[in-house]
Amino acid sequence: MLSEVLPTALNGLVWAMSVFLVASGLTLIFGILHILNFSHGGFVMIGAYLAFTVTNRVPGTASVAAFLGIAVACAVAVGAMGLVVDRVVFRRLKGVDDSYSLVATYALLLLCEGAVKSGWGGNFLSMSPPEGLGGALFVGDLFVPSYALFVIAAGVAVYLALDLWLHRTASGRILKSVALDPWMASLLGINVTAIFTVAVVAGFALAGLAGGLLAPNQSLSPALGGTYIIQAFGVIIVGGIGNVRGAFLAAVLLGLVDAFGTVYVPEFPGIFFFVAVAVIILFRPQGLLSGIR
Amino acid sequence: MSLIQAHGLTFAYPSVRVLKDVAITVEANESHVVIGPNGAGKTTLFKVLSGEIFPQAGSIRYDGEDVTRLDAWQRVHRGIGRTFQVARLFGEQTVLNNVVLALECRERINGSSAGRWWRLTPARALQEEAMERLASYGLDRRAGDAAATLSHGDKKRLELLLTLALHPKLIMLDEPTAGMAPEDRRAVVALINRLREEEGLTLLLTEHDMEVVFGLATRLTVLNYGEIIASGDPEEVRRDARVQEIYFGKGGGHA
Amino acid sequence: MPHPPQSRPFGVLTPLAAGLVLAAFATLPFWAGKGLVFLAGIVLVQIVFALSFNLMFGLTGLVSFGQAAFFAAGAYASAWLARSAPGLPFILSIAFGAAVGAALSFLIGLVALRRASGIYFAILTLALGQLIYTVIGKTTALGREDGLIGIARPVLDFGLFRVDLATGDRYYFLLVVAAAIISGALWWVWHGSLGRILAAIRQEPERVRFLGVDVRRHREYAFLISGTMTALAGALMAPWSQIITPMIAHWSYSALPILFCLLGGSARFWGPAVGAIVFAGLEHGTRNMTGMAELVVGGALLLVVLAMPGGILGTLARLSGRPAREGAR
């Protein structure tokens, strides 16, 4: 019995943490700026392609340390793109309807897809995990790929870091006060525009990091951005949009629902994610947790 | 005869109770003004009475019928009209088309079709009626302009005109003179008094300006922290000790 | 979307331009190659798709990201019926497609509009649309991931004579006629009394509510009409492309009409048609360069959204010194 449940739960958790890595930056940006960034998955994809290229071009990058270093470099690179996107696009979307900025950032997603297609082509690419994460462990009878454990650990680590940042540091509290009431914050002498920029760069850096960490064991294709963003939308809406803790909970919940659903109704794999998202929006439209946390 | 009888109205947002067991009646053909400090719950009371939101407890009878669970549009069908603190108009449309749309809605409510169903333009009779109504409010010169371009006072008048186009029995006016110049305020007071005296309308209002309040109220209710602390003849309410204390207490007649 | 619905930004120019475009479509097989005729047929279907969508989007102000579900419902339902009962009159399979789309949009509209608005409505329709996409891709009777192939172009039986739409460009001409008729019907809804109420709901729903109108019911009407007409467009496309795959239910297909509406100008009835034609031109012009289509389309959309919110038609009207004004309806 347990031997059937555990692998499924593990699959669910791996899915959950990958999607949380993608969703964390998305929900952070929405929490502060109230822009639902359709292109977020596109920038995760760009992070993954960058990691792919660096790993393949630069010799001696097969170690775990190099892998982590590359992921951080991707975070920096994509974070810098966030700086540009903030200047050129997001600042012009202040105060427009949420659904309108959804459409504007959809245009950015198209640009990401176009950039990836022209830079790397439309074919599937793949890279392997670094040495040391390519194997597997046996936990009792359970066969666990090391990379799967790594993804789970990375998701938890990013969550804890974000949670600590938002709740335990002065800069996190400033971010939250801007999210609650930008006008009031500006009266208190906070440079709101700068805080918005910080949030966008942090959100984009999280996208780049997610791309770098998730690049292995993944077929890289220009459609990846769209796939990521749809899953991330579901997770942040269910979690309570703008809420990092909620996104973490929702990712775990939806990951488990989808994994077990696929085991018990194998005819329609992947359907339970959408069913769960629809049902939760219908009965708890504000999500599991609301407000920025 | 009481047009509105409401009892035990309670409304709470997740963190605050805005209305606590409020009872209010509105008699036919009276001009009933609700006053109270900011945050007293006036607008919430309006929303509950007009059907914009439903109370968590309590009941509302309108003209003898229980309307507690009827949505705003259903109450409009029964003769309730409402204006907002900040006038809500169709800003992109012309002033004329705003009125024509209201008249078309009236025809729908009455079940009479406004012209043939396949016609693209509104019936000529409605366009003419709309122009007449605009003329009687001095807005006919602006008939072809987008409603968004009207002055603040004209917007409020147009909104009142839209509401009156439906031939309501009771109209609820949320701060009808907010943001107006003194002479405009006096004009509104005169207009509202005329509606009550000549057209037999019943009015429920909120208002901040004490000159306006005492210029048109036939009954005054004071709301404070979600509770009614006094209700009755305006002069008596003004003399009420508690009202004096919490409302007029600190220097003068403004909230 | 923030601009007034308006049908005749240029007075007499709009019907003239519409007539010219219609004439260009109608005469295309006489002066253009087969490839272009095929593309034009797809564009005609997409025009109907986008005009239907805009009734809900530009007129009523509802942003749905699941419209492809209705397109796919119409295409799959009609193609499935035509394949299962080959002798059935063409009109019945088309009607069946529209009916399935109507039923689906009625149900989804009922549920989604009751419970969600704004961004939640967008994501909810997206999730429900993806649900339908997944189901289609896993249903054997609908060909799973491969879709339905070899969909026959029908024979119209008028009793006295029969018209075989499989020969020559006949099905293309049927598409021209059908697109013109459906666009005309949508134009009438947009400009009629229902259209006026829907436009009012977009601008100030609370005022409409206090004019005694059941706002949610009217949003449901817009959603239903839009979904049904979209399904009709899907049903018309199946015999033209002769192959349909689950991609027409995918969310990226739902994004197409949004793109067309914004490019052309969602505030005007013909905006989405202009958007669809321009989009096809951009895509056709960049078809040989990998990734260029996305870059050009994405760049154009971003430019339109940030710098010219009225879309192509709105900008043209502004340049010609005829800013949108409701009085000219």
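To keep things simple, chains are lettered A, B and C as they appear, and every chain counts its residues starting from 1.
Just so it is clear, contacts are C-beta pairs under 8 Å (C-beta built on N, C-alpha and C of every residue); 3 or more make two chains touch, one makes a residue touch a chain.
Since the model is a prediction, treat every value here as computed from it, not as a measurement.
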(request) Report the chain closest to the protein's overall CA mean, measuring from each chain's own CA mean. (result) C
(request) Taking CA centroids for every chain, report which one is farthest away from chain C. (result) B
(message) Need the CA-centroid distance for the pair chain B / chain C, whole Å please.
(response) 42
(request) State, to the nearest whole Å, the distance from the C-alpha centre of chain A to the C-alpha centre of chain B. (result) 49
(request) Measure off the straight-line distance from the CA centroid of chain A to the CA centroid of chain C, and report it in whole Å. (result) 32
(request) Note which residues of chain B are touching chain C in the complex, please. (result) 50, 52, 71-73, 76-77, 81-82, 84, 88-94, 96-97, 101-102, 104-106, 108-109, 114, 118-120, 122, 144, 146, 159, 162-163, 166
(message) Can you tell me which positions in chain C touch chain A when the two form their complex?
(response) 1, 63, 65, 111, 115-116, 118-124, 126-128, 130-131, 134-135, 138, 251-252, 255, 258, 262, 289-299, 301-302, 305-306
(request) Spell out the part of chain A that touches chain C in their complex, as residue ranges. (result) 36, 89, 92, 97-100, 102-104, 106-111, 113-119, 121-122, 222, 226, 230, 233-234, 237, 241, 267-271, 274-275, 277-278, 281-283, 285
(request) Would you tell me which residues of chain C are touching chain B in their complex? (result) 3-4, 188, 191-193, 196-197, 199-200, 203-204, 206-215, 324-327, 329
